[in-house]
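Before any comments, here is the structure.
Going in written order, the chains are labelled A, B, C and D, and every chain counts its residues from 1.
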Amino acid sequence: MRKICVVVGSRANYSSSKSVMRAVQKHPDLELQVIAAASALLDRYGAVVNVLENDGFEISARVNMTIEGETPVTMAKSTGLGLLEFPTILDQLQPDVVLTIGDRFETMATAIASAYMNIPLAHTMGGEVTGTIDESVRHAITKLAHLHFPASKDAADRIIKMGESPDTVHLVGCPRIDVVSEIVKNDNNDADQSWLEQEGVGGHIDFSQPFLLVAQYPVTTEYGQGEQQVNETLKALKEIDMQTLMLWPNADAGSEDISRGMRKFREHYDHEYIRFYKNFPVETFVRLLNRCACMIGNSSAPIREGAFLGLPSVNIGSRQAGRERGSNIIDVDYNATQIADAIKKQLDHGRYPSEPIYGDGHAGPKIADIMATFDFQIQKQITF
Amino acid sequence: MRKICVVVGSRANYSSSKSVMRAVQKHPDLELQVIAAASALLDRYGAVVNVLENDGFEISARVNMTIEGETPVTMAKSTGLGLLEFPTILDQLQPDVVLTIGDRFETMATAIASAYMNIPLAHTMGGEVTGTIDESVRHAITKLAHLHFPASKDAADRIIKMGESPDTVHLVGCPRIDVVSEIVKNDNNDADQSWLEQEGVGGHIDFSQPFLLVAQYPVTTEYGQGEQQVNETLKALKEIDMQTLMLWPNADAGSEDISRGMRKFREHYDHEYIRFYKNFPVETFVRLLNRCACMIGNSSAPIREGAFLGLPSVNIGSRQAGRERGSNIIDVDYNATQIADAIKKQLDHGRYPSEPIYGDGHAGPKIADIMATFDFQIQKQITF
Amino acid sequence: MRKICVVVGSRANYSSSKSVMRAVQKHPDLELQVIAAASALLDRYGAVVNVLENDGFEISARVNMTIEGETPVTMAKSTGLGLLEFPTILDQLQPDVVLTIGDRFETMATAIASAYMNIPLAHTMGGEVTGTIDESVRHAITKLAHLHFPASKDAADRIIKMGESPDTVHLVGCPRIDVVSEIVKNDNNDADQSWLEQEGVGGHIDFSQPFLLVAQYPVTTEYGQGEQQVNETLKALKEIDMQTLMLWPNADAGSEDISRGMRKFREHYDHEYIRFYKNFPVETFVRLLNRCACMIGNSSAPIREGAFLGLPSVNIGSRQAGRERGSNIIDVDYNATQIADAIKKQLDHGRYPSEPIYGDGHAGPKIADIMATFDFQIQKQITF
Amino acid sequence: MRKICVVVGSRANYSSSKSVMRAVQKHPDLELQVIAAASALLDRYGAVVNVLENDGFEISARVNMTIEGETPVTMAKSTGLGLLEFPTILDQLQPDVVLTIGDRFETMATAIASAYMNIPLAHTMGGEVTGTIDESVRHAITKLAHLHFPASKDAADRIIKMGESPDTVHLVGCPRIDVVSEIVKNDNNDADQSWLEQEGVGGHIDFSQPFLLVAQYPVTTEYGQGEQQVNETLKALKEIDMQTLMLWPNADAGSEDISRGMRKFREHYDHEYIRFYKNFPVETFVRLLNRCACMIGNSSAPIREGAFLGLPSVNIGSRQAGRERGSNIIDVDYNATQIADAIKKQLDHGRYPSEPIYGDGHAGPKIADIMATFDFQIQKQITF
């Protein structure tokens, strides 16, 4: 009976691990432990920990580790705070495997804690290439992990090239596609309209009519430029003047800049066509992806889930640089004209055919099965 | 005028960076900042910070970050504590480049702090292959660093294979060899005998007669076995019964086990042939390497400095697994008989010819020059 | 030349120390050091650190120590984080005296750091009686402090009764009254109207017409009840229906509850008579106190500055329980009807005569003079 | 069923709480939780946590919080580290009452964590007067505690004078006397001799012959003077030249100074009459107190347990200044001649009659009973 400890540090983490957690729960040889950490606990980011509990996941421990300020200094220090907390918690939970997701600061803290404590570390979403500090952090975590679950072929190849033993690398697809696949199969839910009306602030949205979806996040290595960057997007949206759902940014260094830009825009312009949200329930978000006319910003969703869904999308700036992408993406710079032109092109084109670059919808059970039986070598050694 | 911040976290770090610090001090375009951290501050490990000050280095900041206990839990937590401290300090010092050495927990904390704070990170001793958790930590640090100064050809090749851009990898040799080369050139110092007599505890040592040198450290991934491991060595030494200098272990998880084994040995056996030391002044240590009949244990010194000096050595167990080595090394298991046999063989053989695998004695000025002019790309991207 | 280190942890702290800092700057025998910490650094609370810099105070160090979450757990942990940071900073600054203000978690962290480091600790605003955990924290800080500057006679007596040596207790009045006194003397500033229009969100305010001022904060020991408490106030304001300026709460545990109540109110009701502010510049705030028709909530301002200014006020609930107050205060419960009735009574009454309970406007220079020459006994001893 | 969480931070803490923990374990309405923290976990200080487990106490959590260095800076930071840890642990354990002992840094961290988290805090050994920073820390903890168990009448009176509500102050005696009383009743144990021979280093001790007992600790407010202070004691012992058991100091700032003095003494002088110990098992220590000819140093044991046992003692320096004491104590300065003279006087005098100043041996059950039923007022208010 192996104890699998999943660390959920954000709402994005939850979508990326939900199907794995379900599969671990159901697996006869596995026991699930869940640590809710970082922005997963924070009201400001929608406290996804409550969603987990509503979905029937028992929280083994809560790790408050986000130091306010959202500067490079506080991001580094938050990692340090997590690294003081996780060993205490892991020492109490005594897991057999720790599963960590992606490339955020709580992921780094989890990885180092596990590595020093000689607990086998499994990692999803490794091997991908992006911009920002996440690029370095993701590869550093790969060098600490004992078992890799990359989401795409390119990513798997890259992990092996970096010197990880091929038998530790399992190409299973992204668990987030599992969630997407299931929701899309049953998209006859009409509850979203009332949720969208009750929550958020701003204009009125009619979910049955065409709408845009916007999510723009700070780029760590372009710290201080967030306000100006989001302004270009907001100008383009003003020109398109179509009903739009827009997300507030997450807890990275620089999100305050983006938020400020958005707040000022709200205060100074008529904005009846935009409605602002802190976050969406996972299911609602997927249905929005499935139905929206075009997604705009620098989220990874249009690239990953979007490939599966054939979602017309406009990707802005450097945040997703280097990530594998399907034909559904048009890349543009931080430039209102370019952004507006690309949106128009996508609205003309409409839906694309599905491309399963990031998985086919069955990652969760595959990951659980492998974790149940994998013969972990705690002493890593580079292959060359 | 670039500000170069060197983080010295242990007495070994100091030998590995002294010639670089000297070269930075003398360089017209560079300003030196020194952070003394972790065991470099601790009496128990010889407080090498005092040696730095005596050698004319001004300490910009001191970072107490070692949480007592020397378990895997406290090693992980100490990393976290360092990661809370370094951002505060780096924010005050505002360096242009941070130089970090090797693969210890303070190195990891330094690397993450610099990476998140967008400060270019230079790293020495990357790309090598060893056992213990250091193996993973070293490669993870490579993935965070912007400029690499590997000590050997193999190490340089490995860094490039891991996906680091070749123009960021500079094969300069190990700065510790610089120190060795200089000291050996002028080895007419007779002060060592009186130092060796005044310090340490145990038997009397006559430095002009043949002697053994022993340094055995805990292996993180073999936590809990240190006492038994050092016992085999102590048994072998008892059999050889030749005058011996032996070091107490450093501050890694498990060092308490080794120390306990050594203390019990001292208390229960006649040990007039062994004298125990907390540490040696860098210069004394190098002269000991240069003069000793055979070095025994799992230190990297006989492999690195030893290759340059042709030092007959017995390497025990897994700690140095995978590291490039010259003909001066005999590898053995944790086994008193094997250890004793290998010591006898080396005593029969005597000195080996010099092999410059880890440098030719001019690394410091080369590193300083490169740091003065290198065009850092703060946004890293893997090469494949 | 004594180095006086003032720790400013919030916007309220700044008003309470500005005149002291000015006096220290001008004093021939003193040198000023300023640490900006906790919510003083945070955009969400108006980043008062920028105001300090604009006012000509150089910031010696910044201490990010606020862990997000605003729960009792994070408040305790934020204290701990501060207590990891302050020793590092104080060790770098080497002050002769640390001056700390009031009873917040950053004050506690400052006090313990100074006490353990044998740095003389001066404390303002001790000896007062209030509700919430601040009550315990304030008296605990008194027991750690070496020099006391209480604001009122009652407070001074209480400190001595608690066993502090009378020669360490100096009744000087509250430095915040210094700021008030000076601003009120020159209240011909008309810039406030445009500031009030540009900042904040909500209805339009005409500063030349009668208006209400509202500030309601969470009560730590009534954690979880903030939303319901502020609702009563908001209902009363709805009934009065007069133009109103209202502040968002500060960073204590529970402020998220208050904020949620305020956000929901804004979203569900017509609220054209209220305008919401994150904070006011110190000077603007004082002029608002000086001109407003009635202040409502549980801030200490109407009790302290209000006594000096004769400000008609309605104090709600337990947060200010036990604090000395003048005739300008009507106390009520968390009850919309009581609140509305009291506001009406105060509007009928108008201004009260000035009562100098909390100082006469000359505290800053007195405090600086005493700190310059006081003969500190680092070893405290209770007097009975 | 109230959950009582006892925090044991050192070997001294354990003696001071063992009878309470036993009584809580046996109480029908109470459930015991034990947190082992700080030096209670460290090999260097005898890892008393193992003794607890051998005695049948289950450890609910372990808190590593001791930052190496033993300077004022690290003592303050260790408090901070504890204050990051305890909230996490208390949030997991959800106790109804936290019981904390004395005045050390882990006690302070425990007190603040409990206070901010609104958990009722019970405190033993409050209200006493001593030297060092413990004096301030103890009284600060009293101001945070909700229930007081002072050991002596003077202490109880002092707590009430400080403004604590008399119904929260319960004079029960010191639980350490419970342990003493029980052990002394059955002092026919002859196992001590073999234990004393096997452990420790130095000369041979014959437990059946008269011997001295020495324990000298650093004085925080006299930081840096420890080596010189202990030298005076060692000189006096050399003059007396009688068989002596001497303890290494604990983990406070400055203990390294004392240890250095002791190590140098051992290395430079013949010292066949002294044997050095890291610690004693609680029972052995009490029997040593009961049988030794004279105790010397600045421990509180001769004052507290010594009063009950009538133990002839020489108290050196300021560490115990102001503490109530019986006729069995002679106070002297850090002065070899004074110390030696006082020892001779006590050897001439022999045993004193028992004085129950610090308890009669029944504190544990009284404390458990009160904690089971006390009506805690979480909002404290000073009584004047």
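Here, contacts are C-beta pairs under 8 Å (C-beta built on N, C-alpha and C of every residue); 3 or more make two chains touch, one makes a residue touch a chain.
Bear in mind the structure is a predicted one, so any value in this text is a computation, not a measurement.
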- Item | B-D compared against C-D, more contacting pairs | C-D
- Message: Using C-alpha centres only, name the chain that sits farthest from subunit C.
- Response: B
- Where the CA atoms of subunit A average out and where those of subunit D average out, how many Å apart are those spots? 52
- Give, as an integer number of Å, the spacing between the C-alpha centres of subunit D and subunit C. 40
- Item | Two or more partner chains touched - positions in subunit B | 73-74, 77, 81, 84-85, 88, 91
- In their shared complex, at which residues does subunit A touch subunit B? 72-77, 79-88, 91, 105, 108-109, 112-113, 115-118, 129, 131-133, 135-137, 139-144, 158, 161-163, 220-221, 223, 253, 318, 321-322, 378-382, 384
- For subunit C, which residues are in contact with subunit A within the complex? 41-44, 64-69, 71, 73-74, 77, 81, 201, 256, 260, 267
- Task: Would you pull the subunit B residues touching subunit C in the complex into a rising list?
- Result: 61-63, 81, 84-85, 88-89, 91-92
